[in-house]
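A, B, C, D and E label the chains in the order they appear, each numbered from 1.
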Amino acid sequence: MALLEVNNLALSFAGLHVIKELEFSVEEGSIASLIGPNGAGKTSVFNCLTGFYRPTAGTIIFNGKSIIHKKPYKITRQGMARTFQNLRLFKSMTVLENVMSGMHCRSSAGPIGAILRTGAQQKEEAEINEFCERCLDFVGLLAVKDRIASNLAYGDQRRVEWARALATQPKLLLLDEPAAGLNHVEKQQLIGLIKRIRDQLGITIFLIEHDMGLVMKVSEKITVIDYGEKIAQGNADEIQNNSKVIEAYLGKEEDEIV
Amino acid sequence: MSDTLLEIENLETHYGKIHALRSISFSVREGQIVTLLGANGAGKSTTLKAISGLIRSTSGSIRYLGEDITRKPAHEIVQMGLIHVPEGRKIFKGMTITENLELGSFTLDDDAERKRRMDHVFDIFPVLHERKSRDSAFLSGGEQQMLAIGRSMMTNPKLLLLDEPSMGLAPFLVQQIMKIVLRLNKEGVTILLVEQNAKVALKLADHGYVLETGKIVIRGSARTLQQDESIVKAYLGEQ
Amino acid sequence: MSIQDILLQQLANGLILGSFYALVALGYTMVYGIIKLLNFAHGDLYMLGSFVGFVILSILSPYIGNSWAGILCSMVLSMIAVGLFGVLIQRIAYVPMLSAPRLSILITALAVSMVLYNGVMAFTDGQYLAFKTDLGFEGLEFGNVFITYTQMILVGASIILMIVLYLFVHKTLYGKAMRAIAIDQDACRLMGINVNKIIALTFFIGTSLAAAAGIMAGTYYGSIHFFMGFVIGLKAFTAAVIGGIGSIPGAMLGGLLLGLLESFGTQIPFIGTEWKDVFSFGILILLLVFKPTGILGKTEIERM
Amino acid sequence: MANFSTILSEWISSQKNRMSILLTLAGIAMFLPLVSSNYGLEVMTNVWFYVMLCLGLNIVVGYAGLLDLGYAAFFAVGAYTTGILTSQFGVNFWLTIPIAVGCSACAGFIIGGPTLRLRSDYLAIVTLGFGEIVRLIARNLEITGGASGLIGIERPSIFGFQLNQIVHFYYVFLILAILACFVSYRLQHSRLGRAWQYVREDEDAAEAMGINRVAVKLYAYVIGAIFGGVAGCFFAVKMTAISPETFMFQQSVLILLGVVLGGMGKIPGVVIGAFALVLFPEVFRDLGSMRMLVFAIVMLIIMLYRPEGIWPAKKS
Amino acid sequence: MKKTLLLSSVGSALTGLLLLGQVATAGDLKVGIMVPTTGSEATYGKDMENAINLAAAEINKAGGVLGMNIVTMTGDAACDPQQATAAASKLVSAEVTAVVGGYCSGATMPTMKIYGDANIPMVIPAANSTKLIDINQGNAFQINSTGFDQVKTAVGLFKAKGINKLAIIHQGDGYSEDLAKLTRESWTGMGKEVVAYEVVNKGEQDQSALVTRIKSKAPDAVFWTAYYADGSMVIKQLRQGGYRNLIAVGDGSNSPKLLEIAGKAAEGVYCFSNPTVEYLPAAKDFHKNYKATYKQDPDAYAALSYDGMKLMVDAITRAGSTDKKAIIKALAETKDFTGIAGPITFTDKNTLARSNFVILVAEGGKWVLNK
């Protein structure tokens, strides 16, 4: 069954068509990727899915419900979490506090509870703490939970973002260029982590990535877009040998130029 | 043979915690087209920004026309004829095409010369001439790229750094832009080209360098690189 | 006076007042446009302008008199002096703050404002000084609408200054560079533009416009005082925001609109002048709620 | 200066040191009336009063990162609610507090609601306008006593003991200030407090984490307004007379100054800011008409040397 | 080292602040001055402070009071209730024997409780909102005629001039609104018409819209109840805008500055005022000395402030001691004290028994007594 189904999606800014009639789906329990050359509109697709952009047309069905034109926080509450291309951590807060942001939508204490420290509030805080520590443990950062996030190494900061997304208890995790800025070792760990999230936590994963090596290794299904349009879909082998894809990435032979 | 115009040695830069460039060294000789290739995030744009003075490099040196320009502010480097056409064009939206071009010749005091250069730009890009008093925000992607290149020509450049001029452009436009790059080169402008479109870039270039995670991993003449299987790998990953 | 006459006279009043607001609002908006700073000291530079003009005029008047020639001379001199002072403030107080949090630089601007008016207060012992000129009340009557020559000349002067500014910003290379910096500083560097120099120039122009308005106000209203910049500073800020802060035509439009709002605001049936400001602030808030970037402000990409 | 601040931040980062400082300070505050002149008490009462106002504004500005140039409006709503109800309707002072809380919360909601779409600079002018509107309404209405304001507001009694001397108000405002610190602290270290910080640091990321930024910001406005409102109630009975002049734009600026000067978002910082706000002009009182100039210059220097405020930032 | 230095200097400053004791020798008599010397009202406050200090200097030169030298201490009320209460407390803590001062009614009111509780004799030269009377604890004496007296004088003039339609403008502060309200009540009570009742925001320079509104109501007279600073601009613009009928201003506008700023426009303007220095023979010397000392003309409340200090010293002399109760008693018993601004005798509410109000008119750039 498809967890996410996108039909006929279109987006334009000031007459510029960023996404055109895009269609794809992500199966529950799978690891899927969206790739395409620079400026192809991949992050725009993510922004449409998560409610940050307002698509001009189309439908997005997530977990059986339409989420189009819903506010981002509501979409997250329905079980779709994301990471950002450029790290978007809460820089001056500790690692644990960062991760706690994910639990916000799964908890409910208000100001009165906070001031009086009611039993319910304390219990909830303990639960938040406990779950977030588990998330941090899962990505291997429990030891640094009290450090200020921006003081961590870059690769660790990436993993904080992951833990934060996991703390929202998602069904679907959208990863926007998870390997950007990582070194070789970190990339290898990343591949392991992606697989563990799917296998151990049962969370479906949909990612955008430029590092083709990584994409080819983890993805079960790859969708390729260029100029906001889908040009190919399939598994790693099919994509790597698709002439349209090669052309999009390496360019056409332009004999007339010289 | 021609002289070395630009020489970069052991260039290192950091963005906060990210080590963006690791010991980059290469040189560009007068009259050449040199291309930097590589996947996204490999450090191509960073290299250009370091050369044009938009970002400070941590260590290493950049020599241009025999002078060390590593610590020079960007606006002074421009006056030496080294012009950077940045990624995403960065034209002045909200201003007309003519105004954009005039700003290109900001350092010039001679009005007649400005007029002459602008005519030259309009000669190369007739489409800009047609819309010269229109707000540049309403130009198409290709026209914006033309404007960005045209604007840089107003400075009468010796060395042009072009950052992904074909990005987001339809194939026939890519072709048109590349023709212009060639024409500029023939007119005597040395070009350092960062491109996504590897095949096209290598067709134009004399030399090429492939970057991966901030390092130069492959270097050679365009001809040899064209045959090199590892280029495909750099873009599409290991099979 | 018939209703028609009243409305016409109020229209004239509003336009005259509005052109003043616009002149001061221009400086606000230029500085904001280029470095995103709400320069709360702008009104105090207006005040400073009138004081410097006053001093210069009292030195010059034995030679060239207290009339238009004297006023014009002292206006130009004080525009230069206060303009340079504005650049100095920018160098001392704002440049070191550019990387600080937005609110800190706002507070710095407020502190600069306090230093300026408290400084002038200490200097003048808090006195109201009479700005003596030889200008009369003569004027022209258009039907029942009466406008003095002084008003005409002052409005004329502010229109001329605005036209000069408009031409400068749109026709000269430096003016274009100013607009370009507001759009993209990095791209400007790549054009060989010395961004810091242009920012200083912007401060100079914005400040000297405020100084010009200050002297005009001094000569027209006849008195100057260390606190005179406060109200006009708030009004100019409001005008700049109504028009869309950062936009030069917006500031002019906003100034005129605020002037008209205020003059017609005194004329609303059934409520008195005491509600005038409630009325104009109310309109301002409504306007911003429905058009969050002001009339001519740029709208950002539609987001949810 | 830098050296001093590192020593200070190292020293206070130890839990033990911090507790002992707090206890010492509390002790000094408690026993101050034994040694201080009435003038000292008057000034210190003012300090506690500004501590409460600054902490209230800190919730909006420091925690949620929203600019507010009209905070005096909330303070005015509280003061006038108490003033009108006690002097014109004979309501018991203590009963007016919950009503004032309700009114100022409403005011917070009214200003918060429509302004949430605005960017910070536009927010500045809208909140400023709102503050002016509240002041002008107070000036123009009959019930608020017009421009002269309300006089003869009765001083309250508690269990038959009438609060009348400055010493009494010193303790009242001290308790209020401690309460404000306590509530601020609890809020800061709660789910809501964290949400404010998320929204302040990165609105988009916060929203992607499932945080309803509109609701979170509204909470900040409303709670901040309540702080101001309660402070206003007690201000009214302490002064026994209130007039619109107290709630001018400069008052809002002063409170904001206290918040930023001390260090936004940090409770000890804000408290220091409030101290500086009240004490500097008093220390310079003997300079006569130069005192505000000196005060302004001192502030400017502090901002230039410590743009993030006097209190050192959290380090790790 | 640096740290301890900083801490100790801050500490000593604070200790000084809290424990405060002004150094004064045994032979000194401390008198507090409470006026705004900073903020938007500093103009008026500085003027009052000058006049009071001038009086003190003259007294000291003549041998002081009861053999003691007068030492004045200024508390800046800043026209702000909070600042004013701090200033008042400081004066009380510094153990002043008496206080002369009070300009802004709004800021003066909360301080009256502080002085009242400390039982300090107070002479208020300027603040005269009718509301001050209600909260007076018996220690404070107003030597500026109250609004009631002024309204009587004003209405008298309007009636004599055959005015029917009156326009009243105030400035949105306690003093001028109070005067405006009382005038309106009195005028409409006589069956006449108030065609315009307007307010001008302090510091707003352009009044053309207001002028148009007032002109459209065609009043026979305009009464400006607030201060000269904004008043001079209102008058100037009324005349510029073509308003030709009578203009009158209240005592807050009695200043040569008004004539200086408004220039020709002020010709023929009436002013209700306490007798002032311009024509009182007794005030001639004061005017001369003031100008010699401070290089400027004395303003609206200078003469009254000067009288306030002189009256206080007179009361202390009559009391024969610095006992506060005795001074208050002596103040209450004041009978026809001859101040430069007119004789002073108090009612049982500590206000002036006999209004000293006179009507001045601007002629040839000077205020002269209206005949």
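Keep this in mind: a residue touches a chain if its C-beta (ideal position, glycine included) is under 8 Å from a C-beta of that chain, and two chains touch if they have at least 3 such contacts.
Remember, predicted model here, so these are calculated numbers, not experimental data.
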Partner chains that subunit B and subunit E have in common: C
Per Cα centroids, the chain farthest from subunit A: E
Whole-Å gap between the CA centroids of subunit D and subunit E: 33
CA centroid of subunit B to CA centroid of subunit C, Å: 43
Interchain centroid distance [CA atoms averaged], subunit A/subunit C, Å: 49
Between subunit E and subunit C, distance of the C-alpha-averaged centres to the nearest whole Å: 34
Residues of subunit C whose C-beta touches two or more other chains: 118, 121, 125-126, 274, 277
Subunit B, residues touching no fewer than two other chains: none
For subunit D, residues that touch 2 or more chains besides their own: 139, 289, 292
Subunit D-facing residues of subunit E, complex: 2-3, 6, 13-14, 17-20, 37-39, 42, 46, 74-76, 79-83, 85-90, 92-94, 104-107, 109-110, 113-114, 117, 129, 131, 134-135, 170, 172-174, 176-178, 181
In the complex, subunit C residues that touch subunit D: 32, 36, 38, 93, 96-97, 100-108, 110-112, 114-115, 118-119, 121-122, 125-126, 234, 237-238, 241, 245, 274-275, 277-278, 281-282, 284-285, 288-289, 292-294
Touching residues on subunit A, where the partner in the complex is subunit D: 50, 52, 71-73, 76-77, 81-82, 84, 88-94, 97, 100-102, 104-107, 109-111, 113-115, 117, 121, 124-125, 128, 146-148, 151, 164, 168
In the complex, subunit D residues that touch subunit A: 183, 186-187, 189-195, 197-198, 201-202, 204-213, 219, 223, 313-316
Subunit C - residues contacting subunit E, complex: 1, 6, 9-10, 13-14, 16-17, 20, 118, 121, 125-128, 130-132, 137, 139, 146, 148, 217, 221-223, 225, 227-228, 230-232, 262-267, 272-274, 276-277
